[in-house]
Amino acid sequence: MSAAAMTDSVPLLTVDDLVLDFRTRSGTVHVLDGISLTLERGEILGIVGESGSGKSVLAYAMMGLLDPAARVPRGGIRFAGRNMLTESERALAETRGREIAMIFQSPRTALNPIRRVGTQVQDVLLRHANVSKKEARTRAIEALARVRIPDPERRFDAYPFELSGGLCQRVMIAMAMACNPYLLIADEPTTGLDVTTQAVVMDLIRDQVRSANASVVLITHDLALAGEYCDRIAVIHAGHIVEIGSTEAMLDSPKHPYTARLIGATPGGHESIDDLASIPGSLPDLRRDLPPCRFIDRCDRKLDRCAVDPLPAVAIGADHLVRCWNPL
Amino acid sequence: MSAIMEAVRLVKRYPTGGGMLHAVDEVDLAIQPGESVGLVGESGCGKSTLVRLLGRLIEPTDGAIVFEGQDIAPVPLRRFVHDTARGRIQVVFQDPTESLNPTLTVFETVADPIRRLGTAGDRNALAAQVRKAIALVGLPPEMETRLPHQLSGGQRARVGIARAIALRPSLLILDEPTSALDVSVQAVILRLLADLRSELGMSYLFVSHDLNVVRLLCSRIVVMYLGKVVEEGPTEALFRDPRHPYTRALLASIPNPARRGQTPWRLEGSASSPIDPSPTVCRFYGRCPRQEDACAKTMPALRAVGSDGVHRAACHFAEETSA
Amino acid sequence: MIRFLRIAGKRLLGAVPSLIGVIIVTFLLSHALPGDPAVLFAGPAADAASVAQVRAHLGLDHSLPQQFLTYVWQLAHGDLGQSLTTGQPVMTDLLQRLPASLELTLVALIFAIGVAVPLGIWAATRPNSWIDHLCRGTVTVAAAFPTFFIALLLVYVFYFLIPLAPEPVGRLNDVYFDAPTTITGFYLIDSILEGNWQTFGGALAQIILPAISLGLFALAPIARITRAAMLQSLASDHVRTARACGLSRRRILITYALRNAMLPVVNVLGMVFSFVLGSNVLIEDVYGWPGVGAYAVKAVISSDYAAVQGFILMMAVLYILLNLVVDLLSMVVDPRVKFEG
Amino acid sequence: MSDTSLISRTRYALSENPMTLLAAILFALLIFCAVFGPLMAPYSPLLTNEGARMHPPSWLHLFGTDALGRDIFSRVLIATRLDLGMAISAVVISFVIGTALGAMAGYWGGWVDAIFGRVMDTIMAFPLFVLAMGIVAALGNNVTNIIIATAVINLPFYGRFARAEVNVRRDLAYVEAARMGGNGAVRILWGHIVRNILPVMLVQASLNMGWAILNAAGLSFIGLGVRPPTPEWGIMVSEGASYIFSGEWWTFVFPGGALVIAVFCFNLLGDGLRDIVDPRRRT
């Protein structure tokens, strides 16, 4: 991370040179490699990548919710003074829901199908807010009202299957924000929702965290969506953060060939189909021994050293970092 | 110029416990030869039902489907399956994984429609046709013997397209063909589709929830809401000057980095019930930012709003251009 | 609650077609099949005249639909015909013996559920551990033992070889104990109600081996489905959400995982009931249990048609009722069922 | 399913669950006994021997002798063919009929499905063993009727399974694509749907075999179907039961044990096949 990105205070979240593998029957999968980033208070960071790039695993690692098959040979994640990878499950459970919260894609299945949605919000409050049952109920209804669920007293008693996908996602946001966490991790929160609902949900997430001065990590495959809502964007490719910087810098003058290709392949902003760029090849097989740069097979700017030298971290301007030997 | 496919007052209703579900309600839609028409709308608006009606996978409740000059709606599905028109309307399905039979190789998958409906005489002629289709979608010949689970998402999408174009249809209906794909793959498939259309001279009905995709591929867009067409018009006109409030909301919801920090008017809530909707109330009533008495009294008809006569909208206030 | 009752009523009505089907099948089993019941009823020594007499007496000279109507008419009056072996009305015989079979069935079910559900949960919380493999192995082996064989083995080992269990002479050894006064017909409950702990102990000792014999086979399906459902539940999206919300391990395990996992478990109970009810036939004789199963076996061997038919009908009705209970139970567990209903 | 993946999955399933290998060996042994049992038996199964009544197991009579002096080992061995034969015939009948009817009901729905559902519901409304008992009692006491009864009570098992599997596939995109490609109903049902569910159905059949064996043996045990002196495991257990209080355990333990092994083998085999064919359903 460039020194300029550091402020005087300690960042809310620091991921430092994180390496993460999955042990599977068909070999070790090198899911994440050398991930470093920081997140300040009140900031919205987008992590953008194709499926299989490791962006969701990174989100789960931040929550300390890793699969037992995951191994972390190097690096760490510090959130609000805690090491999220080494703390006990009990301590992490205290933190989750209170200081760090998460929302998921497909909100209908993310909620318990046979428990009233209000009760699920209430469960979180009872666990973390040290309140009576009655008080928790009142506060749960308030939380539902804050996410603009119409008629929250009545909806408190609804089951997830009685609500639309958009409303379920609002309930999830209400649950996540019930205890005013410092950080909200949103893992593809609008996948599967209609575009109009997506806009409503994203507005809601943004407004909620802004008013609580919380931070967001938005995991998404949609660069345009990240562009509209995030302050900064990190582009992840095959377990590497290839470029990270302010949204303007990333979209206006991308430095990594992959970022540029990604922007070129996003349908919005093109006048004709002929302008639509493609990205050749696909993600490398993460079970193999990988070259230092994992984009090398898809890159038209590769140099000889790309296959040999470890990835550089080139700072461009104050808050823009690219990991490429031959940036644009 | 006569349309290659024209739906006339097409209706599909389903009986449900609570009444009749009006999935597609008196929809008129014409596709000209060589034209590429985009169909957009939120989930549950009836666009999938319309695709299945036009693709002749389900029987319409009422209305006509005129394809290449003949009304094919009265032909029962059981018989239509063996009709020559069957091969001339093909559909590319949404999920490339689900749309391939897991036990059939790429070759068998593409050969199936040719065997059933094609004219290929002997084995060699069939193989030649299959290889041609596989080559057209840009799959290397060695993929022929692969099974779906041995292919990547993009390759599966290509197989689905190869199967659909194997019979050289005149109308290809694409039901969200790229929604399950990553952007990088999506871009490739979209370009392939554009190339195939000009190469084979097909007409497209392209269904998508992504307006940006539709914009790139289609010259005309049809917007559906709760079983009805609420607006249709040339792509540029519709993007520049949407006349129906729903279309406006749809356009305003497209993620756009240029709008960062702004909160335009959002379409909240969900559509009213499609079960026995009132025939005299605008379907958008209740969700519309400007609902007036007229909207609750008469259902607005789809009518021309521009001088060109092709841009049409179903709103009482469609003449008021948006700011 | 009103919604619950309304749907319960609906389910009750939904059982009517099954009931009609059951009545038709039992009727067909005796009337429309090869072989002449009149010959059977009249006995091997009867001449043509007495067969004809029996035929007329049984109404077998009427047309099939007419016979069916007579049959339904008699059923409606609780008339299942006369048993040839006991000479009593079949209904009386069955009602007399039913409590014994029901008591045994229920104890067997409680045993099976009580062992299998915790076992399944235990295995699911430690998947692929040695505990898991042990559980899986044990229930697989248990499921391979025919009920009648396990019954014999248990008697041989725990009565003949190591005399731990009492002599298998039915519900209570009347040499030492007096039967409790009939209140529910279940000895275990009646003896408690009477406060007669000695009798309770005696009845309990008698029922343990047959109940285990009956319940053992049911262990496998219940334990397996519990394990599978629990594993699925623990891996589900909503449990992930609960973990992301930092809920306590206990709350996640019980409120979020277990309650959801109970749905499929409740659903297999129907199948398990079917098995346990049917198996009474196989083991009652071994334990000298005076239930309907042993009665039915005797009836089958002596071609006592009315008795067999009555038994089948009664079991089917019982089973339909039990399934209704399962249905209502799953409604309590899953709110979604209510809305679909 | 490609050959390589089938082999690798088989290897995986075997390494994951070595019991499947044991099951396969037991299965081979059972089939061997069923085919060659009569040739290998040291004594005639019906040969009574006044001088050798109730002999405990010895080298002369591996499993001892029964009250009539018949060699229990020979009887158990020879019974394999009958017991497996009854179960396999019953399973084949219910598999074929159940799958066909269920698939049609699931595909066409409507009144075909309604009638199918009613018939299955009626069968399922009985405790199944009780129904089997009733059927054999009514149809007559012989082996064929045991097979018919066992087939009837297993019918809903396949029928409902096939119906459900076909029902979820009937509107899948690849089936609709097949319709687009000019396939008629029969071709779609057989070529595109049933062929895909056949492996899973076969797993169900092998899981069901154990149950069919138990059912047939249970019927003989209570005196239905097979009659003495025919060697059959259920009937032999039933005959041996009389000597339980005189301690002649071998009379019922060996035929009972044979039943246990057969049922155990098929249950394990079904589990193993399921792991190979359909790993998701593993329980």
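Letters A, B, C and D name the chains as they come in the text, with residue numbers starting at 1 for each one.
Here, contacts are C-beta pairs under 8 Å (C-beta built on N, C-alpha and C of every residue); 3 or more make two chains touch, one makes a residue touch a chain.
Just so we're on the same page, UniProt names per chain: A, B = ABC transporter ATP-binding protein; D = ABC transporter permease.
What you are looking at is a predicted structure, and each value in this text was computed from that prediction instead of being measured.
Enquirer: Quick check on the contact graph: shortest path length from chain A to chain D, in steps?
Expert: Minimal hop count between chain A and chain D: 2.
Enquirer: Which chain is most remote from chain B in terms of Cα centres?
Expert: The most remote chain is C.
Enquirer: Could you give the separation in Å between the centres of chain A and chain C, each centre being the mean of its C-alpha atoms?
Expert: Comparing mean C-alpha positions, chain C is 54 Å from chain A.
Enquirer: Using mean CA coordinates as chain centres, what's the gap between chain B and chain C in Å?
Expert: Each chain reduced to its C-alpha mean, chain B and chain C end up 55 Å apart.
Enquirer: In angstrom, rounded to a whole number, how far apart do the mean CA points of chain C and chain D lie?
Expert: Here chain C and chain D have centroids separated by 22 Å.
Enquirer: Give every touching pair of chains, nothing left out.
Expert: A-B, A-C, B-D, C-D
Enquirer: Over in the complex, which chain A residues touch chain B? Could you list them?
Expert: 50-51, 148, 150, 164, 166-167, 194-200, 202-203, 207, 221-225, 227-229, 247, 251, 261-262, 264-270, 272-274, 276-279, 282
Enquirer: Going by the contact rule at the top, pick out the chain C residues touching chain D in the complex.
Expert: Touch list, chain C to chain D: 17-19, 21-22, 24-26, 29-30, 33-35, 137, 140-141, 143-149, 152-153, 155-156, 160, 224-225, 227-228, 273-275, 277-279, 281-282, 285-286, 296-297, 300-301, 303, 308-309, 311-312, 315-316, 319-320, 323.
Enquirer: So in the complex, which bits of chain B are touching chain D?
Expert: Touching chain D from chain B are residues 52, 55, 57, 78, 81-82, 86-87, 90-91, 93-95, 98-103, 112-113, 116-117, 147, 149-150, 160, 163-164.
Enquirer: Which of the residues in chain D come into contact with chain C in the complex?
Expert: Contacts found on chain D: 19, 118-119, 121-122, 124-131, 133-135, 137-140, 210, 214, 217-218, 221-224, 234, 237-238, 240-241, 244-245, 247, 249, 252-253, 256, 259-261, 263-264, 267-268, 271, 282-283.
Enquirer: Chain C touches which residues of chain A in the complex?
Expert: 63, 65, 89, 92-98, 101-102, 104, 106, 109-115, 123-124, 127-128, 159, 161-162, 172, 175-176
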